[in-house]
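Think of it as A, B, C and D in the order they're written, each chain with its own count starting at 1.
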Amino acid sequence: MTYRKILEEIFTEVQPYFGKGKVADYIPALERIDPKKFGIAIATVEGECFHFGDAQEAFSIQSISKVFTLSLVFRKHGDALWKRVGIEPSGTSFNSLVQLEYEKGIPRNPFINAGALVITDILISDEKDPKAYVLNFLKTISRNDYIHYDQVVVDSEKAHGYRNASLVNFMKSHQNIVNNVDDVLDVYFHHCSIAMSCIDLAKAMLYFSNHGILPSSGERLLTVSQAKRLNAVMMTCGFYDEAGEFAFRVGLPGKSGVGGGIVAVIPGKLSVAVWSPELNPKGNSIVGMKALELFTTKTGMSIF
Amino acid sequence: MTYRKILEEIFTEVQPYFGKGKVADYIPALERIDPKKFGIAIATVEGECFHFGDAQEAFSIQSISKVFTLSLVFRKHGDALWKRVGIEPSGTSFNSLVQLEYEKGIPRNPFINAGALVITDILISDEKDPKAYVLNFLKTISRNDYIHYDQVVVDSEKAHGYRNASLVNFMKSHQNIVNNVDDVLDVYFHHCSIAMSCIDLAKAMLYFSNHGILPSSGERLLTVSQAKRLNAVMMTCGFYDEAGEFAFRVGLPGKSGVGGGIVAVIPGKLSVAVWSPELNPKGNSIVGMKALELFTTKTGMSIF
Amino acid sequence: MTYRKILEEIFTEVQPYFGKGKVADYIPALERIDPKKFGIAIATVEGECFHFGDAQEAFSIQSISKVFTLSLVFRKHGDALWKRVGIEPSGTSFNSLVQLEYEKGIPRNPFINAGALVITDILISDEKDPKAYVLNFLKTISRNDYIHYDQVVVDSEKAHGYRNASLVNFMKSHQNIVNNVDDVLDVYFHHCSIAMSCIDLAKAMLYFSNHGILPSSGERLLTVSQAKRLNAVMMTCGFYDEAGEFAFRVGLPGKSGVGGGIVAVIPGKLSVAVWSPELNPKGNSIVGMKALELFTTKTGMSIF
Amino acid sequence: MTYRKILEEIFTEVQPYFGKGKVADYIPALERIDPKKFGIAIATVEGECFHFGDAQEAFSIQSISKVFTLSLVFRKHGDALWKRVGIEPSGTSFNSLVQLEYEKGIPRNPFINAGALVITDILISDEKDPKAYVLNFLKTISRNDYIHYDQVVVDSEKAHGYRNASLVNFMKSHQNIVNNVDDVLDVYFHHCSIAMSCIDLAKAMLYFSNHGILPSSGERLLTVSQAKRLNAVMMTCGFYDEAGEFAFRVGLPGKSGVGGGIVAVIPGKLSVAVWSPELNPKGNSIVGMKALELFTTKTGMSIF
């Protein structure tokens, strides 16, 4: 069966899952999205790309940005990074602040908000213009110069960002934030507000599928070991409090965002991105998770 | 390089890691073990077996037994099982009881003690003689009729089992234990006290490496999907509060025990078991983790 | 206004509060109680006694027993006691086990179940027959030889005592229980199952109102300082997670039980006991709390 | 024995307790204080005032300000206030943020920082100039026009106020802060930075000792019931995680501050203020607590 055919079948089979979740409503800019949107794209390490539905439409990637910022910082700092952020799953969502308090301002992993704020803080220390830096990186790896910050989302995030402000101030009180808290929040909100399509994301994730090398240019972005290790972090920490469920049902390293996007990686083969805005109570796209479960079942691809 | 050679090299390279941990001391029966013990064994899906050091010596498998009891119960009950136990990583160890309290007696996953006690409770409801049942299963899959319960360890567990008694009573108060609490503890302590060698364990784990089929007999013990899914649970939950670290460094599904054993699986290829009694503060074998890290590095085998 | 008149008025004014709570239902023996029961009794340091309603009817004193066992142990061990149990309020009920885990098996105060189990453990170490010892003490201070253990309640407690079994095993695992866990539970459940009337309780509490001296005999049971201090512990810890609310509304040291009883003390003057089985969600008698609030308002008696 | 004599004796007897604690070091402005400072003052409802040592020297009252701001807000809003802040002790300090998270942004009581930030938010909504309003109130009740904000402390608080910024942002995310977070922090830090002497504080607290009436003017600031109730809140919540200990040892309603000050109230009789900068690990003045314990022992005054 061709990938094209598989994507079509998936679309048919996920129909019953529409209408069962809720579009993210914590900021007005996301609330307005059409809940019926659905896109899926595959990019192979050989350079092929397949897609279906609204795969060309840019949406708010939100926490998926955390994978890219982490890889930029990990590439530069290596294991020294883990002094400021852990790599363990975060357990129940109920204790996001509990654990941060118990562990004295060291976030459990780089994919919870607190952890990504630390990564952002490091980027600010390292780069003159951390917003342009990340955007340019994404343009390069997606081969798409139109990737941009969605200013409406940025403004909405800032107007409702009290919980993130709480986290960053808390970590600052534990000396785990170096820069000005408002600067950290500004850059962080920008990264969350990047707009990309499924096609962009599938291409952008390819260096994780290709042992650290960007297939389009042959450039090595991560060592083999680094690429493996970041895939491992995605596997254990990529889905908030649902990493176990995603591993159980889909069985691939990946990362989700509350914009309804999910990216996943089949090492050595391909990367896949799916978008459907309705979320389950844990913040992951319901249709997106089902689509990826069907994808691994239909292709027989799995890392296990 | 041959497996035999690789195992030798590993032994040489792990030398600096001896003496850095502590043999489990919560029960006298484990405390007495020689900390310098080291065994490693590989079993391939083609039927080959390689081993080095004390790989023929039986040791207390402790929590590694949880993998086998889980697979027996999952085979029978399927996804209905997940009503009584979750599949999410448990987060920091500090909140073992916190989470159980918050989540009203439903353990986070089947590999923390609370979860394994629920699995034991189900086995007791299902089987006439749950001790013989599990032992016979292990004898079959290891092809070793000498596998046995170590009665000294059983007695020691019972004499110091107050924390497990606390857990089982707590879950009973939440109606998540059906049988008599003393019966559950008795069977649970027996399973923890099984003595097996690295060779036994490597062979026993092969059905997880072989998509559910026992290579020695061709018998299907789990469906392809079930085997994948249990590998995923090992990946996200198999190392107490160190699942992220193990995934990051080793990158394989696996399970550890406080006896110093670790088993791991390379799907489609082989399984590996290592034993070294000195533990890190999180309860995992220091030398064992290093040995497995070296194994994946040297063989280039990885699921990522 | 006479006390008799005040008690009548209180009865009239609490009428609207009946039917708003729920009789304790965690054990069948308590569930059967008539929710309309209401008794109140006052005992003065001068030896007078006033009562109204069902004040002569014995009911299950439950956690009120904790005041008496604490005073017996404190009298003997003095401040050495506080190595094994704290004297701080317990915070939200949600974290009963959390705090015990965080604080390594040292209960926050002697009035939460964990703390009272430690007190019971000490009594068992000290006394040959801790059940008879406590019962005889209560008979003496209440001047009522008919006070007894309600065997139906004892049996019911034992049949549903998994949560207490969890607590005592947990503390045993932290070496804060010396005796056999089943013995501790047996004695503890007996103390909770003592049946006394409001009149008995009002008289029994008089040594707390009278600076440590039993008015009926002149016998000193506590030093002045000890009596003050135990009143302070009642004030800050006597009402589960509602100590602040009770202090705010009633303003007296006291102790409640899930049988619907509450005792309170006006130092230098009198003690008062009230009984009404319907509880609020925090486990305190709704009508009882209202009655005591009215009592302090009408008499103008307050410690503040 | 005269009060004067008692204060002298106390000073002699607390000598061994100097040097056992640590001056607050979370902000530089407090760190510089001479640890040997000691002042104590008594103000009676009859209008007398006794003092000893550095009782005329102004120091940073810090959290003692919370008593005054609470009384201003409670006087105006009555029990409607308790929708936004609780009146229960806060349990262990370890879970300050835990509880706020668990209880969805409603602080446990008005004397923990989160609670006082809510009180400040209400003051800002109510008053045109909440800084002048509180300062004028304190000048009136202390009869001292020189009471002022210590600008050095204000600046120091602001430069190190990340934890409070975390709290206020967290509550804002739960809609329990109405005003701009920076405004709330500004006013809050000002109130913490008020400089008063023991004599000022003893006089200022007299309306709590005198059932709500300011003795110097006869003005009623609180109803009898309100005064009682705020005394009850001080009793159960006035000493961070040491309310039980203070009640046990001293047995009076009171409030402490990390500047080393403690105020306490003997209803109907007097108020007392003590100052000694060295704190115990829970943030209360070591010498101050001992001084008050001696005061109640020597005078025989107690509410229990």
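Please note the rule applied: contacts are C-beta pairs under 8 Å (C-beta built on N, C-alpha and C of every residue); 3 or more make two chains touch, one makes a residue touch a chain.
According to UniProt, the chain labels map to these proteins: A, B, C, D = Glutaminase.
All values derive from a computational prediction rather than experimental measurement.
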item	value
Starting at subunit B, fewest touch steps before arriving at subunit D	2
For subunit C paired with subunit D, centre-to-centre distance based on mean C-alpha positions, whole Å	32
Centre-of-Cα separation between subunit C and subunit B, whole angstrom	47
Numbers and ranges of subunit C residues touching at least 2 other chains	94-95, 98, 102
Pairs of chains satisfying the touch condition	A-B, A-D, B-C, C-D
Footprint of subunit C on subunit B - complex, ascending	94-98, 100-102, 162-163, 165-167, 169-170, 172-173, 181
Complex interface listing, subunit A residues touching subunit B	86-92, 94-95, 98-99, 102-103, 108-109, 225, 227-229, 231-233, 235-237, 241-245, 247-249, 251, 253, 267, 297, 302-304
